[in-house]
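Shared chain: chain A. Partners: chain B in the first complex, chain C in the second.
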Partner chain A sequence: MGTSIASVLMSFFLTACWDKIEMNELALVSMVGMDSDPDTGQKTIYYQVVNPASSVSAKGSPGGDQAPVYTYEISGPSFGEIRSLAYEVLPRKLFVAHYKAIVVSQRAAEQGMRDIINFIEMQPNGRASVPMLVADGPLSPVMRTFTPLERVPADDVESRLKLLTRESLMVGKHIRLKDVDERMQQSRAVVLPIIRERLGNKPQDSGARASEINASIGNLQIEEGAVIQNYRMVGRLNDTDLIWYHLLVGDKGKQAKQFQVNGKRLTLEMEQVRFNRSATCRNNRPLVSIRMDLEISSRLASDYVPQSWNETAQLQKQVSQTITQELEDFYEKTKKKGWDLLEIRETVRSHLPRSGPNFLAGGDWNDVDVSIGVNVQFRRIGSIHKL
Partner chain B sequence: MFNSGVSGAFTSCEEGTGIISRFQFFLLAVNFILGTTLFVQIQILIEQGKQDAWLMPWWAGAFGIAASLVWIVLHRHYPGKSLAQIPILALGRPLGMAISMLYFLHFCILAGWVLRNLSDFLNGTIMPQTPGVVFYVMFLFVAAFTVAQGVETVARLNQFVTPFLFFPFWFVLLLASKDWSWDRFQPALHTDIWGTILHNHSFLGFPFMETLTLMMFFPHIQKDGAGRSLILGIAAGAVSLSLILYMLIGLLGVERASKLTYPVYTVVQEVSLGEVVENIHSIISVVLLILIFIKTLVLVYGAHALLNQVFRTETNWPFYLAISVLMAASAESIYVNPIQNNEWSSHYTFVYDTFFALVIPGVLLAATRVKNAVQKGRKR
Partner chain C sequence: MEEDQTVHCMYLESLADKTVIDDYVLKALMEGTFLEVEQSGVTGNHFVQDYSFSSARPEELLQQAVDALLAGQCVLADSAMDRIRLIHAVSLNHRQIEEPKSESTVRGPHEGFTENIDMNVGLIRKRLRNPRLRFEKLSIGDQTRTTVMLAYLDSVAPTFLVREARQRLLAIRTGSVLESAYIEEYIQDQIWSPFPTMTNTEKPDVVTAHLLEGKVAVLVDGTPSALLAPMTFFEFFSSPEDYYQRADIATFIRWIRLFSFFIAVFVPSMYVAVTTFHQELLPTQLLINISAQREGVPLPSLTEVLLMETVFEIIREAGLRMPRAIGQALSIVGAIVLGQAAVEAGLISAAIVIVVAITGIANFVVPTYSFGISQRLIRFSFVLLAGLMGLFGILCGLLFLIAHLISLKSFGVPYLAPAVPVSFSDWKDIFVRVPRPWMNAGSLPRFMQRLKGKK
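Let's look at the complex of A and B:
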């Protein structure tokens, strides 16, 4: 008897009436845009909320002419206050736990992203494991662009980033908010992808977007990289620099690139298979050495394929020289700009804990010697026959 | 004469004569140590110990074992007696009862902390709207119900749930290992870890000296095996904490782990396996909640058994009600906000716990020795 009363009483406790959540009372945020006006300090958040009425299903007319997402733009004096102000325009409870990307406007990134990162990181539902992107120019056009093929822009962006990480060296792995947070606290640098709206007459209506054959017009584009140092965007890397940067920090991804070998142009696909970065002390100066093994393939070559072992060896040597030269040039360039993109400081700090701090405290990391070694191996070929 | 009379009265009114195995007691000790520690201490430990923080539980655990030796020696003098009966036997009824009541209040205050940490966690993560009292009543009701079934039920319940805590917990932590980086430990052993360890004395008190509560189980353990199981339990708890700290540093890095409110929760929240396994942090929430429940359960058992043994009660339910009200009230009022709690623990936890875990047992031990010496002298 006592047991049955107790079990009935216990079942009342399991209802959790205070925190019940109904799916159709939630605004499911798929992408967040954050902006901050440097003059007035006014903050703006763009919430891209999934429209449940437009069923993003595989078959049939997708929910008629309904937009797949709605973008809510809310401004306020601080990001925290915006969470309360949101309900002036939003009829459902904000649900931010499942968003897939954060876009920060360029001016907010240049001004400093510390409060943006802390704001998201400090909330238990903040989800710091999503990629961060920097919008080229103003944020609102980026947040109000429909994408073809993938109807929800957040899915589109997420998928593109994944492909770019895997199939190119243009985007690295460490672009998530948590990586930015950790690296900023360690005074390291991060390079985030830049997203922009392509020029052209942008379809303002998802129906028009869906019926437009030219996918390039008014679509989003991810290119170039924003260098973030000390919570601020300090400059840009173009696509070629991005390749060298990601090689130098050990990102693995395939990348096809055209090289000049023996005066001939040759497109080779390269992939990093081994990467090692260490610091030693030589002549009372720290020496950071970066060693990498690359595998190259002529799978995508349409111009020239080596025909003999000799030619292969020569090709390997020349490609290795070219890449080493490019990497060294890239290092010089970043050094001139004061960007520690090769993580020299961090390497010295962690590998030379006794003597390292003295160097870093006494002068700048420019005094550190850097040696870069590239080993190239020609492994895969598309066709052995002379083209 | 007086001695045997009192002890005879106690054995007659002890609630049941449940026997728990040494392994069950070992598991209780481990889960009691992990309990709230995973919520409250992890972030503080990493903030203080940096990349070498995983060494700190080793030292604190060694201290905990040393402290437990005092209790074990004390218990040797009173085989078959619990913490509630020993003071009365050692110091006589009036003074001994006062000390037993101090322990009762100590248990209620510890339970207050445990429950408050629980409601802070739930309000901060998955249930922001629910008032804390709901959690307290819920936990205390189930705990009191379990305790009413006897000590064997308490031990068996714990033994039953432990595999459901152990395997999911380590499994989800292993799933997170995609983000593992050895660089986060470098430079290894270059922080002033020994200085930090000595500075952070509150870690010795909470959770290690709180294991004193487990002395309430001593009379029930099979073949008087309490001592070794307790020592093994404290050691296993310390090693688990060390492993968890190690994993968190490798997965989150020192910077993030010392900034986040609940690093264990966040690390699992960020697990993402091939777009299929995502947002699995509810697993870790449930594991942490059950661990907290075990700690509450031990404290409720301790408080109730103490009252039962001191006052030789006949009806039980008014005492469960009273204990629940006391514990819920102390949870509601134990601190205003976590800042106050942190300040308190960094200044006073060590002193506070030392008083209950070392000073009083030390006095009891001394009193027993003196009494034995006097009695021997009389016999001659």
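Let's look at the complex of A and C:
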């Protein structure tokens, strides 16, 4: 009797068999592109699927003429319907757990990304910790571009974003889908990188791409930033604006920039080492203070290098003033456009929990006073150029 | 002899030492210089024993004479003295002392037991010159009447343990005992557990070391393998070489063995689970590589692993029986050609060959062969569980395994001691091997001390 019961209970182990999936049955999606036509309302999803047979074979050589990825374009009246329509073109089960980037077309971003974010969040094995980018112009060229050096374009994009975040002030850390979602829910703005296809005679197949020495043509480029507010793209920031933006939100990263100081052009490398943002009340008005310490290096400067401590101190002061001015100009520009990129509202709410919300409810965040202070210190001075 | 008397001298040529009989017994009898031996009737005199015709019934005397002949003794039937005399003239023909093939060490003694139990006793006594070293002689097996010795150190071994071992040996009812494995199957704690609760060794230094820890040893005539009990799970990862090398390298190698155990048991099942149920756990590049390798392979991962593991076991077993001249070449051919050919034919993926190879090699790292067999058995169970339920199945199996190990005992000692129940003081010779000055040489492990308190 006991054996029979045990046998019946053991057969419950078999119930997990219906979850079995063979690897050959999976379409490994590496990048997702989403577009929405404002005129027709037609939605399009691009799934860039990795071709496993094109990777290094057991013998150690790449798999011949096979493309490393295939881009499937699926259109439908809504994103939800596209899930069902996907298998009209896809021969394998969609597996999005390993995708590395989501690209949204500019027109879809301008219409609003709420549906897009909702669709991705509702995927059973989709990840929200994936960076989002906005395509400059149509999405199709971006999704149909092979990249040199990295065979899978998603790897290329992921790697570039990591390097840009670490080695520059062009891209921030908070560009993931979950960051966008959180910030939109908190009525905060976010800046997403813009991706475009570089013009030129684009190689038409991966073999031609692999053998083309000029890596600049037919490649993807990440530059500028798309300002997203209330789930919509409301504007752009150029590369210089991106630097000031990331400094003002406290992002880390080194950035080299040419400054005009006393009529001289000077290339300086700056790195933010300390950042503080706080809010206080002054004359019954909230005052947001942004203080940052920057370390500067002139090792990349070839035109002018300070020769004495006095000159260094003077240069420090001038650079500090220049940067402060630039930052204030940037803030004014964004304020005029109605972009709360400095998170003034959030700062007032969190630092002035009693008076802040009342002020914001009665007035406008633009009426909040903002004080920006920059402390610059030279850490490395030196040049092999003789003056 | 003073008068013409007839003395029948009987012996089995194959078992008795003819030289001793010719030189000492027959010559003395014929020259008439055969002297009476003192205390020949005293019980315990194994060299010369007298049994008068009136001391027992003829059937019993006959049986004793037959037993003595079968034991290799010389039987003198002296009708003038109305007695039979048994003379210990057993032939000492036995194999030379060699290093055991399955327990070779780089450093340390290279002597091993032989099939002669007296020789084996001598090898132990040579190392443990303690008057409290006891050997209790038993005869087990109705047909074979095999001599079995229970060895222990009287002042050190817990009384409960010795009594338990003795009772278990005396309770054996069998026709034949040809190897210590026969005894082991009768006296082990659990028949259906894949894990052994006793170990066997062919090295006298290992037996000596265990006797000093309060354990008992069972020596069986006709086999060089001696049994040792009790044994815990973690002791199977110790090798005698750990104590003949420095403490640091010994500790490192112990951790390698523990790690190899996990590799040998869990790597194939983890591979099946991750590739069949949990592809999101793999790094992307690895997923792409494995996916590329599996393109065109007709079998699911579970079937691939089971097939290759079975083939590996076949090759291993065949390698044991093959003549040495061709064994090595054939095993290499079998492994390389089969694996490579199967990959090129598209029957299996290259990753499977690596998984099976690593598993097979890790299996051999554990010093005890019988424990290696346990690993092989439970590995298949985990692969099946992984194929059915993925990581959840492996966890279920692991929980069941841990529960089973916790419930297992070896002669009263918990099998997972000193991890469960915890005894941190014993960890110095289980998870690490501390330098000898830090070991309490005179004291027993805690789990053996608990046996001393038992009645």
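Criterion: the second predicted complex is superposed on the first by the 360 of 387 C-alpha atoms of A that agree within 3 Å, B and C clash if a C-alpha of one lies under 4 Å from a C-alpha of the other, contacts with A are read in each partner's own complex, and residues count from 1 in each chain.
The rule is short, and it goes like this: a contact is a pair of C-beta atoms (placed from the backbone, for glycine too) under 8 Å apart; a residue touches a chain by one contact, two chains touch by 3 or more.
Remember, predicted model here, so these are calculated numbers, not experimental data.
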Here chain A is shared; do chain B and chain C fit on it together or clash?
fit
Look at A:Glu167 in the shared chain and tell me whether it touches chain B only, chain C only, both, or neither; answer first, second, both or neither.
neither
For A:His98 in the superposed arrangement: first (chain B), second (chain C), both or neither?
both
Looking at A:Pro124, would you say it contacts chain B, chain C, both, or neither? Reply first, second, both or neither.
first
Once the shared chain is lined up, is A:Glu22 touching chain B (first), chain C (second), both, or neither of them?
second
Looking at A:Met10, would you say it contacts chain B, chain C, both, or neither? Reply first, second, both or neither.
first
Looking at the overlay, what does A:Glu271 touch: chain B (first), chain C (second), both, or neither?
neither
Should A:Gln186 be classified as contacting the first partner (chain B), the second (chain C), both, or neither?
first
Answer with first, second, both or neither: which of chain B and chain C does A:Val50 touch in the superposed model?
second
Put simply, what angle do chain B and chain C open at chain A, by C-alpha centres, to the nearest 10°?
50
Overlay on chain A, chain C to chain B nearest C-alpha distance, Å
5
Can you list the residues of chain A that meet both chain B and chain C?
13, 16, 19, 97-98, 125
Sort out for me which residues of chain C touch chain A in the complex.
275-277, 279-280, 284, 287-295, 297, 300-301, 343, 350, 385, 387-390, 392-393
Would you tell me which residues of chain B are touching chain A in their complex?
124-131, 134, 137-138, 141-142, 145, 183, 186-187, 190, 252-253, 255-256, 259-262, 265-266, 269-270, 272, 279
Footprint of chain B on chain A - complex, ascending
6, 9-10, 13, 16, 18-19, 97-98, 121-122, 124-125, 127-129, 178, 181-182, 185-186, 349-351, 353-354
Residue numbers of chain A touching chain C in their complex, please.
13-14, 16-17, 19-24, 26, 28, 30, 50, 52-58, 63, 95, 97-98, 100, 125
